[in-house]
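Notes follow once the structure below has been shown.
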Amino acid sequence: MIIIMKHGAAQGEVANVVARIEQMGCQVHLSEGEERTIIGVIGNGRPIDGEQLARMSGVERAVPVLRPFKLASREFHPSNTVFPLNGVSIGGRQVITMAGPCAIEDRDQLLDTARAVKDAGAHVLRGGAFKPRTSPYSFQGMGHEGLKLLAEARQETGLPVITEVMAPEQVPLVTTYADILQIGARSMQNYALLHAVGESQRPVMLKRGMMSTVEELLMSAEYILSHGNDRVILCERGIRTFEPYTRNTLDLSAVPLLKQLSHLPVVVDPSHGTGKWELVAPMAMAAVAAGADGLIIEVHRSPETAMSDGAQSLKPSRFSDLMSSLALVAQAVGRTI
Amino acid sequence: MIIIMKHGAAQGEVANVVARIEQMGCQVHLSEGEERTIIGVIGNGRPIDGEQLARMSGVERAVPVLRPFKLASREFHPSNTVFPLNGVSIGGRQVITMAGPCAIEDRDQLLDTARAVKDAGAHVLRGGAFKPRTSPYSFQGMGHEGLKLLAEARQETGLPVITEVMAPEQVPLVTTYADILQIGARSMQNYALLHAVGESQRPVMLKRGMMSTVEELLMSAEYILSHGNDRVILCERGIRTFEPYTRNTLDLSAVPLLKQLSHLPVVVDPSHGTGKWELVAPMAMAAVAAGADGLIIEVHRSPETAMSDGAQSLKPSRFSDLMSSLALVAQAVGRTI
Amino acid sequence: MIIIMKHGAAQGEVANVVARIEQMGCQVHLSEGEERTIIGVIGNGRPIDGEQLARMSGVERAVPVLRPFKLASREFHPSNTVFPLNGVSIGGRQVITMAGPCAIEDRDQLLDTARAVKDAGAHVLRGGAFKPRTSPYSFQGMGHEGLKLLAEARQETGLPVITEVMAPEQVPLVTTYADILQIGARSMQNYALLHAVGESQRPVMLKRGMMSTVEELLMSAEYILSHGNDRVILCERGIRTFEPYTRNTLDLSAVPLLKQLSHLPVVVDPSHGTGKWELVAPMAMAAVAAGADGLIIEVHRSPETAMSDGAQSLKPSRFSDLMSSLALVAQAVGRTI
Amino acid sequence: MIIIMKHGAAQGEVANVVARIEQMGCQVHLSEGEERTIIGVIGNGRPIDGEQLARMSGVERAVPVLRPFKLASREFHPSNTVFPLNGVSIGGRQVITMAGPCAIEDRDQLLDTARAVKDAGAHVLRGGAFKPRTSPYSFQGMGHEGLKLLAEARQETGLPVITEVMAPEQVPLVTTYADILQIGARSMQNYALLHAVGESQRPVMLKRGMMSTVEELLMSAEYILSHGNDRVILCERGIRTFEPYTRNTLDLSAVPLLKQLSHLPVVVDPSHGTGKWELVAPMAMAAVAAGADGLIIEVHRSPETAMSDGAQSLKPSRFSDLMSSLALVAQAVGRTI
């Protein structure tokens, strides 16, 4: 932490800041320029509350030196987190594909789609049973019935399943059905929920909030990690900008950035990230070229009748074509799919 | 709903869309231009799933004609929602001021601040017992102990209290202590929580998410209203933009916009909205001039030692000065404080 | 400038940075923590190229300590810039109102509107002769003919005029007609244009770019000031955000922020800032309450036939009512209008 | 154009709108629902001023049906624009790479870098002689001297050159030296400049403004095209968002979107798009995978002493490695480099 004093800060103000820092058990390095006095805080690992120091009289601002996340950081854990799931490795050389419908709508729709994505080479089946919807009047998902259908689809295809959990009290139920728990973008800072999945025994895929920085995503991962669950997958799914042609702006630069800052696997969701099925294939290919460890893609057997997100869903045949194209890109960057 | 067909859409595609609309029980008005065919959907009150129609073959896009919120809309409920709270009216001619510390830290801090804001003329005491924090390593609030102190402060000062509730399972506990339940910005789309407070018997202040549109705020209000609770207060607290000098960008134009679109009372939070105490007073005055029904302001007896948000907290003496200035602005726009 | 070295930076890397700083003629203060080495650069007024230092081997980042603007800063020039214009003072106790049509369309339209805004109490007439338009197919303004009409309106009403200049080669022509040169939001970083108006003998109103920070606005003012023109007026006119209900998001917190950082007068444009005439009056009142030194408001005798920006223009009668309301708010904050 | 009337609009208001539309020479299709009246405007190619109609009494909003760009649109010009440049084709199957220093600093720096990028396989040399800088105190480029060095580098390496032009009066000078004129992000809506390069005989690379939508980029291209120059290259270079870790957010989804909406070639600038050299290579690969027709990349022989943008510049050896990796990705998507 570095404390920058205001131009013309009084001697006494500097002395007060120094005293406070020493009370915290930290050391002080003082630099007195003609224009400003700068105070370096040497914490040697102690957490320092910069916000408090920033508010002291005569202080202009406090500049943090260390990143605020630790368990999620690559500095703390230099090698990649890799963990097995149903015969494949998440975070390894192979790019993992999760595919399926946005929402589970009925038995036939789910099973048909599950078979189709399995045939196309997907590794994990996705499907929402609890759906966060902006409007209280929209379809809210099939709930427990949907989870049962998911279990049936897993049984039949052998694919592990990922599904969203929206509230802490749903965690026990969803955990009995899901191989990976998904935390949706709107729940990224639902701390009670992060706490609950942090105590579960399931891998968690944490989606970046549409309004959240890369650092905040890592801080939310830190919540899960600090509750004992070290199988966290990060997911970039588009952020909100001023651009109206796409539903969100898919921030692919977050992929190499997250890989640099953290050891956790990074998955990209080009379906929500663009909101338009025509853009899903090019952005999926771009994601793999940028270094993503996986993709999560919405596939629906008849997008035009889907109960949610049809505009961004691929038909099974297009998904199958995409898997072939992805194999070439993966190979070009030294990976498999 | 209006359906805009693609340039060169086939006759059969148009016919399919028309058939689907008629299946929904709606009427169709067809406009065939040389460049595009446009299909008007006359629903006469029926909910129309435009997303589904937009995905049909040959369709370019679907344009909604009606606003997606109903219970929250002024069209549906032309007169202002006004309700009494402890001798004052929320949503009426008087501008309501809620003030107090960001977080409850200890008994003396809370009681001292409570007395100070009461003396300065505040109508409601604010204080956080459950604190949503970006970092798992930051102070998370005093929890139930904090709520008890809040009850003591209410007892002593006679001020009703507002405090945040972060999870559905906390609602029963917080409801026994709070006069107004606060839904924080990060929880604006926590639907399980909106459901829970919608079924409670307490007024709810719903804060706009930091990257949520005005329409999404009203849709979240719609969740609460549709669960039977009609005492909802909307709160503008700043949105996230590219500007780094302020913590958020306080969107004051949301005040007259919300008053136009909705009948619900609108409160402004200039403390979170700016993140800098020097900007709180001018923005509080601007909020009243723009038509806000209330203000929520962080006051701390010694901001430089506050455990959260000290940089944006006013000292009691400054808050008292602000209340005097606000009285003049309120009078200038035909209101009292 | 403070240089933060990477975790584990080598001794030699630190030595190289120190040597480079000393080459620049600056002094060094070294703080070696267990986690990081921090190097303070004491420039004593010398400009330091932090970007260069940030790129050296072993450096994590460089944190500037001083603001990058000088002539525009209040530290450098503590008292407000106030200058006379046609009998009123810009930047003084009186709030200045500039009003008129977005674009000059014909003689009658301009003269009628000019008389109306004069009668309502406006101090300056606005009107665009050169119009920056997103589409090459939209009306681009009357050009020189429009300037002549502006001169006629000034003659008749006695109001000084403000009009936009879009290119360096237009500056001599526009200067012969305008009392204040306006730099539009899209031109805020048109440096050739800033240079040209910096060398003119006219006051300049510089509008904030729709996605420019407060600091960038001040840097663009610095360009004008550094070319010898010290009569610069800053104008907040809304920034671009994700919110679609308003054309822009009017950032009123920029008003007290600019007044704190700079000595230059600050004007607010609630017409472009909101894009909706219904929001103009409440936001104009809020701007005055927040401390604005002036307002610029679009007024059109028949907004529904205006050739540009009709949706955000006030009719003369509404503008006249607004002036009465503004007088009360101005009085409440110790000013006149 | 579709006109949506307000709930409860009067018969006379509808009649007035209809009359105005008919005056414009357009036909009307009326849809009267129980909740709203909708008026379809059939223009058959006539430009319709929706803004004017939107302001008429009783109108809620006007929804455009056609895109506002024509010459730039793929509907108007279905096949890709491809044009030759010095033996290669811009917009064809080959991915074109432009590389070189951000700013031309001296003869050795430019010639060394030019040779290096040529050896690595680049097709075009970039180098800035006129530099738009936020601060008037930063290095503003070598100007005419820089252009002469560029000519020398072209002579020696045989590479065509691209360089920025910042003002209309510079166009004749820059045209005598440059093979491609670059319009920088801050100039995207400098209409006098677009006009000037539209009348020049040189290809133009138009960079997206950091605050500009895809549609606005295409409208600025439309300005150039409508002045007779049909060799326009679009460039995505990152947009401004709330994310602070990267300088801009590179919007790669703009690549397939622009290819879908327009026939013009699309180039990506991962250097400005990320601001960090570590992210340049992964984002360059992602751009090619997403379908970009070219890349523009900053290369500097010693980034740590570069006079601008060193943090985002690659060393020649890294650029050479990147070219090898790009060849594999290009091949994977059926292209060459």
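Here are a few things to note about the model shown:
To keep things simple, chains are lettered A, B, C and D as they appear, and every chain counts its residues starting from 1.
We adopt the following convention: a residue touches a chain if its C-beta (ideal position, glycine included) is under 8 Å from a C-beta of that chain, and two chains touch if they have at least 3 such contacts.
No experiment lies behind these values; they were computed from the predicted model shown.
Greatest Cα centroid separation from chain B: this falls to D.
Across the two candidate interfaces, A-C and B-C, the one carrying more C-beta contacts is B-C. Chain A and chain C have CA centres that are 39 Å apart.
Computed centre separation for the pair chain B/chain C is 31 angstrom, with centres defined by C-alpha atoms.
Multi-chain contact residues of chain D (touching two or more other chains): 211, 240-242, 244. Partner chain B is touched in their complex by these residues of chain D: 2, 4, 7, 27, 29-31, 33-36, 38, 40, 42-45, 63, 65-66, 75, 240-242, 244. Chain D makes touch with chain A in their complex at residues 211, 213-215, 239, 241-246, 249-257, 260, 273-274, 276, 278-279, 282-283, 285-291, 325, 328-329, 331-333. Within the complex formed with chain A, the residues of chain B that make contact are 47, 51-52, 54-57, 68, 132-137, 166-169, 186-187, 189-192, 209-212, 216, 219, 222-223, 226, 240, 303-311.
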